[in-house]
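Across the two complexes that follow, chain A remains constant while its partner is chain B and subsequently chain C.
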Partner chain A sequence: MNKWYPLLFGAASLTAGCAENNTADVETQQERDWEEIVEEAAGKEVGIYMWGGDEGINAYMDEVVAPALEEQYDISFQRYPMDTPEFLSRLMTEKEAGQQDGAADILWINGENFRNAKENELLYGSFASILPNMEEAVNTEAPYIEYDMGIEVDEMEVPWGNVQYAFQFRDEENPPETLEELFYWAEENPGEFTYPNVSNDTGNGFIRHIIHHVAEDPEEVTEFNEAWIEENGDEVWEILRSLQPSLWRNGETYPETLSQQDQLFANGEVSATLGFNEYRAESLIEQGTFPEDTQTVGLSSGSISSTHYLSMAFNTQEPEAALVAINYMLSPEAQIAKLDPSMWGEGHILDLNKLTEEEVEEIESLVGEEVVPQEEALPELDARYISWIQENWEQEVVQQR
Partner chain B sequence: MFSSARSFLLLAPLLLFMILFVGQGLYRAFSESLHAGDNFLENYEQLFTQGTFWSSLQISVYVAFVSTLLSLIIGLWITRTLFRLFRTDQWKLAAWFPMLIPHFVAAYIIVLFFSPSGWFSAVLESLPLAGTFPVLVNDPLYLGVIITYIWKEVPFVVLMLLPVYQEIDWRMEEVGRSLGAKGFTLFRTVEWPWAGPVTAEVFLILFVFILGAFEVPALLGVTYPAMVPVLAFEWFYQGGWSNRPLAQAMMIVLTFFSVLLSFCLLYAVQRSRRKWMKGGKSNA
Partner chain C sequence: MRKKWTKILLSSLLFFLFIFPVLFLFFKSITFGWNWPDILPHTLNLRAWTVIFNDPLIYRSLFTTVFIGVVVVILNYLIALPAAYALSHGNPRGKTLIETILLLPILVPVLAIAMGLHLVMIRLGIADNTAGVILIHLLPTLPYAVRVLKAGFDRISPDWVKQSRTIGTSQAAAFFIVLLPMMLPSIRSAGILVFVISLSQYVLTAIIGGGQVTTLPLLYYPFFNSANEAVVAGFSVLFAALPILFLILMESSIYLYKQWLHRL
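For the complex of A and B:
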């Protein structure tokens, strides 16, 4: 009979998984003093689910955030690299199974994925006002505090960083600076340009630029506008269809991910790559992945500015430690370190008026010349456009060869 | 009676495992694939009217069939010519080495060697006969995928066939020869009765595996038409999960046909085996 013990134990631990959880909910946290939360957080372990495909970002998390949390708050910080749809799907399964002890506490999320998580009740709750740094450091006047791609934030996530969409070219004296010029450049250099599959946010973002290009005024499309889509949708696809033959592999296929396109760019198969975060090429050049002559261009015809957020999972085991960790990531110290192009190098979400003079100086020395001036930034589109692009692109563009 | 109860008991852990994991997974996929409204098969109807699904199925069957067939032919040929050599462990290890490499690593190796910026292309360009290297990675004919599978599956075919070849009574060959058989007839009458059933089983294993495997076509395939598992993954995660039931329906259809195919093939093998055994007896 001895053989059966492991199996019985297995079954027992399965049922134990469904047991009541005794972690504090968000209402309880709101009534507590911040000091009390910090005290409770000490000695705990906290985990974040985040996309792990960028060396610079990973280095920032492992070499700046994790040691600081350990040192300042005695929290050990664990990074679980996973694509966003995958961890959401995992949380969904955990919710269906009634599992209260999730692996990770913090989520890196935005837009469509946030809507999905919010609608399926995969989030901890409205926690933003608990964090002291929201008051003391973050620019709470910015529009992205209230809305994330047209979705009401409801304090369920807090902004973590701000990035601009930009293009990288190699060995190019006069890189294109508007979308018109880019189309022309692509025709002149057949096979040298492409964009990732639109199931990928970078590829999807490229199409969102075309939508902005077709719309005369950004106002027309900031909110999801079905009438506009009806009328102008085909023009968007027409532009992409006429661009297709001059793309890499004559548009017969597209890179499945941004990493794949970066790889094509690095080994010279294409001469352009693209993506959110105007400073992302710097660390890649430094590592020798991208060539020295890589040039980053923001479009003067307008470049989408996108915000990404931190949120908490409904089944967090250590909500206190998660709150403290998120609060730290919003601090001027962490935000300034994040600007450093040798690691992550992306835009902050701080309010300069709330900072000390030294901090402001430090930011200015790190940011340097803006690739995309603020006035050329375009608002991010409503998340429903993303779905519209994903549902139609393959049929309207790829299959129309 | 005792022996059947005993064998059932011995099988119980495996059965339990199958029911717990495979059965439960299939049940969930099936229940998610059903439509909540009046027409509970709506998702299936939608699936079968989608051009994307059919082109995806077409390319998947093509890739799985070509890869499996070529792997079997090459594997059978290697086993036949080299089985005497394979009595020593070093040679066996050398032949089975690719099996130790995970499929996605194999796919990356193919990229490294065969992509337009890869090793072969560089070698070809450095030669005086400046020809351009054909596109073999992310190509619409899925040649890169097929090459990867052949490289990975040939050792598996050898692994499965080798014991068979080492068991064959080679005196039969001499008998055959003395009766005037040669070439293909010799192969058919001496080797095939042993190798055939195993080949059919290996065909089934490989075909179904390639039909359902994700990572190689994800790395080396094209955007359209994508192979079924890649399409399922896309439908599973895209667009606020609204296409999930469709992805589940597709996987159920695929599972159903895999099971059907296994049943037919194994039945045919059983029958031919029995016939052959009986034939042997009546002649004796």
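For the complex of A and C:
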């Protein structure tokens, strides 16, 4: 019996060791010099939780970000493919269990998920000001720095990419450029247009454009405005109801997901698709999924711009390496590579005034003309509009046919 | 003559039901823009396969998937064979109760259990690693394995074992020489069933494995959210190939076992 005691004791001290957390917290990091953090980060391994269903995004992470971090900072970068709700529920359980040794350090997040994570204290803290590139490269004047869909960011996440809502048409000489023209186009071409179910963010985004369309002034709806909804909600639904008969399959059914609609578009069943990221069609054309004559149009009446962010988990084991990795992903080098349609191809969050001339030229050569001029971008609506649309669309539109 | 025709008819039916869909998926994975009403695709290319095999995680994930699957099958045999034998040939008290308890994991939503078990596994220190994932895969597989094997034992009369014991064989020999050969059909079906269930776990692996244990579904399922049908089709073919690999593994071990039996 006695010979088991050392073993038991060893196990006990092991568990005790686990409970003790020797990673530095965000306050300590804020007091340190950036050089010190970079030094500390060398030789460490850092992981990111991110959705892994796009070959372009995966290729960007594996072929651009990971090698660069290895080369420049001696950090080995791991990508853990996992959907946002899953990693959030994992973090929630880990929080409950007091697990300080998290599996991943960086999170790819925005909107409602960010609100959840912030409210449940699943995030590392206010780290944005620690990163030199926030000061040196990122456009800090943009509204999305302070608010993420109406949720205060509090420096707990930093913008990674900014995309605009745009429409894709195939083989169309004069694609519609405003919502009114789009409605007219849909009537003229019955069965050629549709939008995904509103439980999907893309379908929901289409309705949010109609809210903007009904509202005279974006100011009226930037914050959740219940009185406005009382008054104008029905006008929004009325537009959708009158659009319904000219949709794909007479609006009897809607694509469940954006990927379904994209497949319909790729197969030629519908002539239009839509979605966030004005450059998303480029890589799909290059892959051969979308036809060559696909044309992307942003609404000159205004397109909603949406931002996605990087944040850190509360139980990161390598906060220094995570900070360095995030800082790299905000750098002009990484952001410009992200614009390349042969990989990811999506909008940057840089401030052109802070960049060198060569960098600006490089951006222009990659992106060409802006699909949606910045000044025509509409602010993303408060997250509560999303739930309002989700709660009422089925009853107000689908069941009214 | 008639027998021959039925045979042809039957095999073509089987072909259309089981082989054709996989072949179709394979063709889908090497074509782009193969749309209705084209009967044959315009162009063939292997781009989807380059995407799949360029993923730095793919080789390790294939190995992890098969490794976890095989270990889960072996553990299932170790646990379910005695359990099924006892339930079938023994007459334990509260037999129905035990059977119900053994079946419970597939009646209760797995996700709810997984969240709770994740907490326990963190405390035990087996979350985020292969051991934890193997353990959690027992949850949706064991109930089926016990059922299938019990049905197998039910068909075998206890007298066979008794008879061999009267001529002086040991308990172990009676099991390996008398019982096991008669159980082979059930063992085969339990094995492949368990392997396929383990292969298709996504949520359990994601929650317990924390993305650190990357099995094929973890790489494959997110692609359903993309417009690229070719890559999804390619992954599906790969996915369908794994049970075949397992079948070959299992059949060769059964073959070796039979060889050993003959030499006795």
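FYI, the second predicted complex is superposed on the first by the 382 of 401 C-alpha atoms of A that agree within 3 Å, B and C clash if a C-alpha of one lies under 4 Å from a C-alpha of the other, contacts with A are read in each partner's own complex, and residues count from 1 in each chain.
Assume a residue touches a chain if its C-beta (ideal position, glycine included) is under 8 Å from a C-beta of that chain, and two chains touch if they have at least 3 such contacts.
Fair warning: this is a prediction, and the values are worked out from it, not measured in the lab.
Participant: For A:Asn189, is the partner it touches chain B (first), chain C (second), both, or none of the two (neither)?
Facilitator: A:Asn189 contacts neither chain B nor chain C.
Participant: Taking the superposition on A as described, I'd like to know which of chain B and chain C A:Ser126 touches: first, second, both or neither.
Facilitator: Touch status of A:Ser126: no partner.
Participant: Check the contacts made with chain A and report whether chain B or chain C touches more of its residues.
Facilitator: Ranking chain B and chain C by residues of chain A touched puts C first.
Participant: Please work out whether A:Gln390 is in contact with chain B alone, chain C alone, both, or neither, and reply first, second, both or neither.
Facilitator: First partner only.
Participant: Going by the contact rule set out at the top, does A:Arg115 touch chain B (first), chain C (second), both, or neither?
Facilitator: first
Participant: Between chain B (first) and chain C (second), which, if any, makes contact with A:Asn139: first, second, both or neither?
Facilitator: neither
Participant: Report for A:Ser89: first if it touches chain B alone, second if chain C alone, otherwise both or neither.
Facilitator: both
Participant: Touching A:Gln99, do we find chain B (first), chain C (second), both, or neither?
Facilitator: Touch status of A:Gln99: second partner only.
Participant: Just chain B (first), just chain C (second), both, or neither: which does A:Gln399 touch?
Facilitator: first
Participant: For A:Thr178, decide between first (touching chain B), second (touching chain C), both and neither.
Facilitator: neither
Participant: Which chain A residues come up in both lists, the one for chain B and the one for chain C?
Facilitator: In the superposed arrangement, which is not itself an observed complex, chain A uses residues 86, 89, 267-268 for both chain B and chain C.
Participant: In the complex formed with chain B, which residues of chain A make contact?
Facilitator: Within the complex, chain A touches chain B at residues 7, 85-86, 89, 112, 115-116, 119, 197, 199, 249, 252-254, 256, 264, 267-269, 387, 390-391, 394-395, 398-399.
Participant: Name, in rising order, each residue of chain C that touches chain A in their complex.
Facilitator: 32-33, 35-36, 45, 47, 51, 54-57, 115, 118-119, 122-123, 125, 127-128, 203, 206-207, 210-212, 214, 218-219, 221-231
Participant: Show me the residue ranges of chain A that touch chain C in the complex, using the header's touch definition.
Facilitator: So the residues of chain A in touch with chain C come to 15, 18, 47, 49, 51-55, 58-59, 62, 79-83, 86-87, 89-90, 93-94, 96-97, 99, 103-104, 257-259, 262-263, 265-268, 284, 287-291.
Participant: Considering the complex alone, what residue numbers of chain B touch chain A?
Facilitator: Chain B reaches chain A through residues 16, 51-52, 115-117, 135, 138-140, 218-219, 221-224, 234, 236-242.
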